[in-house]
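Take a look at the structure below.
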Amino acid sequence: VTVDEVGVAMLGYSFMGKAHTRALLALRHLDVPLRPKLVSISGRNAEAVERVRETWGWGAAVTDWREQVADERVGLFDNGGPNAVHVEPTIAAARAGKHVVCEKPLGLTADESHRMWQEAERAGVRHLCGFNYRFVPAVRLARELIEAGELGDVVHFRSRYLQSWGWEADPTLWRFDRAQAGSGALGDLGSHIIDLARYLVGEIRAVSSAVRTIVPGREVDDHFVATVEFENGIVGTLEASRLARGRINSNAFEVNGSKGSLAFDVERLNELEVADTRSFRRVLVTEPYHPFMRYWWPPGHIVGWGDTFTHELGHMLEAIAGEHEVAPHGATFEDGYRCSEVAEAILRSAESGRREEVTYR
Amino acid sequence: VTVDEVGVAMLGYSFMGKAHTRALLALRHLDVPLRPKLVSISGRNAEAVERVRETWGWGAAVTDWREQVADERVGLFDNGGPNAVHVEPTIAAARAGKHVVCEKPLGLTADESHRMWQEAERAGVRHLCGFNYRFVPAVRLARELIEAGELGDVVHFRSRYLQSWGWEADPTLWRFDRAQAGSGALGDLGSHIIDLARYLVGEIRAVSSAVRTIVPGREVDDHFVATVEFENGIVGTLEASRLARGRINSNAFEVNGSKGSLAFDVERLNELEVADTRSFRRVLVTEPYHPFMRYWWPPGHIVGWGDTFTHELGHMLEAIAGEHEVAPHGATFEDGYRCSEVAEAILRSAESGRREEVTYR
Amino acid sequence: VTVDEVGVAMLGYSFMGKAHTRALLALRHLDVPLRPKLVSISGRNAEAVERVRETWGWGAAVTDWREQVADERVGLFDNGGPNAVHVEPTIAAARAGKHVVCEKPLGLTADESHRMWQEAERAGVRHLCGFNYRFVPAVRLARELIEAGELGDVVHFRSRYLQSWGWEADPTLWRFDRAQAGSGALGDLGSHIIDLARYLVGEIRAVSSAVRTIVPGREVDDHFVATVEFENGIVGTLEASRLARGRINSNAFEVNGSKGSLAFDVERLNELEVADTRSFRRVLVTEPYHPFMRYWWPPGHIVGWGDTFTHELGHMLEAIAGEHEVAPHGATFEDGYRCSEVAEAILRSAESGRREEVTYR
Amino acid sequence: VTVDEVGVAMLGYSFMGKAHTRALLALRHLDVPLRPKLVSISGRNAEAVERVRETWGWGAAVTDWREQVADERVGLFDNGGPNAVHVEPTIAAARAGKHVVCEKPLGLTADESHRMWQEAERAGVRHLCGFNYRFVPAVRLARELIEAGELGDVVHFRSRYLQSWGWEADPTLWRFDRAQAGSGALGDLGSHIIDLARYLVGEIRAVSSAVRTIVPGREVDDHFVATVEFENGIVGTLEASRLARGRINSNAFEVNGSKGSLAFDVERLNELEVADTRSFRRVLVTEPYHPFMRYWWPPGHIVGWGDTFTHELGHMLEAIAGEHEVAPHGATFEDGYRCSEVAEAILRSAESGRREEVTYR
């Protein structure tokens, strides 16, 4: 079997650059219909990019993403840079006919996100927003159980994403710079749980919230709390914090339905708690019939956080090859945009002290 | 040593009647400054009350609580009846100079609760509202750790009280009758977590909420979600539900502070999770130096839910004997009233779609 | 309904004296066919016994148990004293026609235990050995599930009882005195898990073990390990320690069968982990249809360790009233004796370095 | 920086072949002093090997491992084939001057293992036996904490490795064929926990055991139980089973010392429970200062089971480059041999019914 290749250009060489690159390398040896070829990686610091290029075996290191956009060998543009450099390069790439992946949150504002979505649609390319937690096997299983009616009618959703590094963090980090990051815990952590709420339960209609900056001198929010109402009338809560001592990366949700419940926490990424009526069973999501397990090991041999990117980018390659759409299991730019609208409604509500409708243009 | 006795009259002979009676019997043999004497128990069904009287050894069974209020042998009137019979008998007893205990929620409305508090104050008697979860050793320990500064500045609180019996419940239950119960999950479960939020963190200033009745034909709410803002500016969430499959009696909270965090769940009543910076330790709250353990066993031998009433009523007996005030560790009628105001603000916010200030008269 | 009374005489006023007395008091108000009457309590220290008598309302305090044995009002003799005073008073009471309860381990030696059993049988009285963990609702449920075939054929059992107080314990404690205690962790903790192994799986045929005293100057063992073979050929392990930092009272077992598994830990006394094939469900053993729950609360309101004695002594009262035998759910003196034989085989094996058959005379 | 390469030849293309290949591919991009070059892979089924070669990018597919042993480009021979083909190819490779990695159990017998060790030593090559659980970050951390004295004197060790696939397994699997597998749960699972016991606590002096085959028609053992005594006199237990319903891959141990305890389970591979005196903390072993975390992500982003092979083979590459010895953190063939002797002593003890000394030649 000869497998076609798709040239990939990556923007960003730090945390997300590393996560995506490892996944692309892994996908060269897995059962996907297109084999990724690592054409070039870009970043502002020439020396650092060159070092990363060499380490990971990218074909070229460039300091101007425009070169990547202009490169005919590139079929997929993967934007893993800081939030402030999402909009322009991604739109340029889409206009140049490249399929596009962009990390979350999609734009710095709902307006930016909307433009990114519209441009990608107009260009007719595949687009995926990097909500990688959809690609945790236990999360995909949660979605499948809900869709199969195992929970009956969903009536309640709660979610919180708690970390604690915010207390001692280096104040010069780009994540605390409003211009580069847009927001704090809301955009960074909140966007993940907004997306999971939408993926698992449905569209969000209204929110009521409070947003706080606690650490003196910080430009962005440290944590927020919100109640949400979904389009079907059901209710839930969302919370995120960088100031929750004892929690390292606890992205946790619970879904309650008329026939059952589900509970999950990223800190135990391979487990899904499943209740039918009176009790929860702890399912280790590593069986051959569980999502994505075709890539991996016999039961009980867990996958890691980094492997979610393999699942995600593998999904994108399948979509590019025409095997399926990016939606509903992958987040599209529309999902990225809708998430931005919810985040902005959360900010509006915190200001207004009112339940704010989420409006989509 | 001769220990003085205090005559007790109990209203209500069902769930709470049994819980209180067992505690009173236990307290006859524990180290408290007043020994409770079971003078009389009352209820509307003469036959049922007589059966309970005989079982538990109450001195008399009566069908009119006014007899109890008029009884000179009674020093403490303990109201464990349905919510709708809280206000009148309790006020009458206080006016007659009896110390009063009343189950939660205190009144059917904030107005009733306020009158109960005012009348008890005016009468100069001791008053305690039955928020028994304050008397879980792990909860008292949580309060002590917060007061001792072990958590630093508290910045975030979250709490949810989840049960699941609402799906299949008998529709004729008084708990579903608006006239008798006032509200549903909000008054029954929500009042507990409102009280714990106030006990652990402080006064609540404003709430934003959504309240829902899901099961067709039901008069009262099945669940609610709320964000809260405390007087010191910090934020949190409250949720309660009778429709959370897999949860039986999960009254759980988490407190995050600048130096540490705490987590608790009533389903594991003897455990407190305590984090300093990066991890939680599971503390089994059964050491000799832990709250209330003077009543009990060597370490590791857990107490039960029923024992919290022994702690609570022992605390009341000590207060009657003048050893300490009911507050701050016991909930007074003022606490019961303030809880009612928060509950009403939650209802107002659900209606108005706005953040509602909690106003105290 | 008039309920008959049975006069109880208690030997021992310390840890077990308190636990049994509380249970007897509770049983005066519960649905049992005989109401216990607290006739007398005995102990060597007159002052201390009198104090306990007054606290708990025993009719009399005596310093010579022979008075109790001679007392015609006494129908049940309950021996909760130190191990060295089990054999003589218990046999005397049985010979005097009293029903007998004796704390575990039954005798200091298998020989003593055998005599106690034989004498009680000869006297034709009811006899119960205080293995109270059989009366944990989750443990009874475990037995019921196994009997009902829910686990299929049992093939493997493992159990360990871990505490940590041994490191810093007062060296003058009677538990470290070989003459009074007989053995250390083996008799104190090991006897409990030997009994549970027999209760849940069946008779033990052979053991291989190692027993160690670690803390300098100590006369009795600090911990032991053993493999066991049951009469039906299946295998398992037993371990107990007073030197396991971080464990307070962790009496835990796991049973594996051809169709399912069970796991339990006393530190979470109200929970039973139940596996069918691939995963464990956490069952909160507080449903109305769960063992002993007729005495207690609605689902999710947990019982305490002390309540197991209420179940145990209630069971004994029912047996005295002829409602059922003590066996199989209560441990008889035969069970106490058989446990002693297993314990002695463990000591023999530790000495001989051989698998030792458990021999019953 | 130019990094030298080392040519690798792999024997075996199934479970272990895949696990090792993925790790070798990952190591081409990580900070190790030698970059692995995938020279050739071998197996008996030409078609299958060719398919794997193509998938993973091995340079050549061969059906005779002798070609690999004779290949001058090969510096490291990695044997991940079935147990029966460990001894001959591995010794041949070592004699040819190749460094050798061999999966566990090392030989089918202690004699085979001993020859493998002696031959590798004689050849002067680096040798590593594939006990990959030493390379779980939490396990390495456990060893470091013990070495640093955080637990004080270790006094007790317990370990069990439980799976459940044995009940329904395909009877034609090589793992059930005595000629190919040597033993069942003992060699497959038991060897892992014997190695961890030795790694964490020290040399094993004697064992007492029972070994059982339960499923009809099976040639090898399904489970075993054993007590062990270490050279320093302390005691422990080992158990392994393929018949433990509800357990998927539960390789769990607990270490108790005079100052603290540790507990671990592979099903929660990223967590280590650490007790000082009275309680366990759940440490998420993902901090920058934790073992192997230099390869990975920010705190709280867990690694997977497959990543332990990256750690293991990275360690071997460092040893080949002379940065450190394979021991003590990697298992050498001496460790593989010593493990075989313990396994054989377990079999002898099961037969003899006696405590058997572990003898090393």
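For reference, chains read A, B, C and D in written order, and residue numbers begin at 1 within each chain.
What we mean here is this: a contact is a pair of C-beta atoms (placed from the backbone, for glycine too) under 8 Å apart; a residue touches a chain by one contact, two chains touch by 3 or more.
Every value quoted in this text rests on a predicted model; they were computed, and no experiment measured them.
Least step count on the touch graph, chain A to chain C: 1. In this structure, the chain pairs B-C and C-D differ in their number of contacting C-beta pairs, and the larger number is found at C-D. With each centre defined as the average position of its C-alpha atoms, the distance from chain B to chain D rounds to 55 Å.
Chain B and chain C have centres, each the mean of its CA atoms, that are 36 Å apart. Averaging Cα coordinates per chain places chain C and chain D 42 Å apart. Across the assembly, chain B contributes residues 248, 278-280, 284, 299 that each touch 2 or more other chains.
Within the complex formed with chain B, the chain A residues making contact are 151, 155-156, 158, 160, 162, 164, 167, 206, 208-210, 212, 214, 222-227, 229, 233-237, 239, 241, 243-248, 254, 256-261, 263, 273, 275-280, 349, 353-355.
Listing the residues of chain C that touch chain B in their complex gives 15, 19, 21-22, 25-26, 28-29, 55-57, 163, 165, 248-250, 266-269, 284, 286, 296-307.
Per the touch definition, chain D reaches chain B in the complex via residues 278-284, 287, 299.
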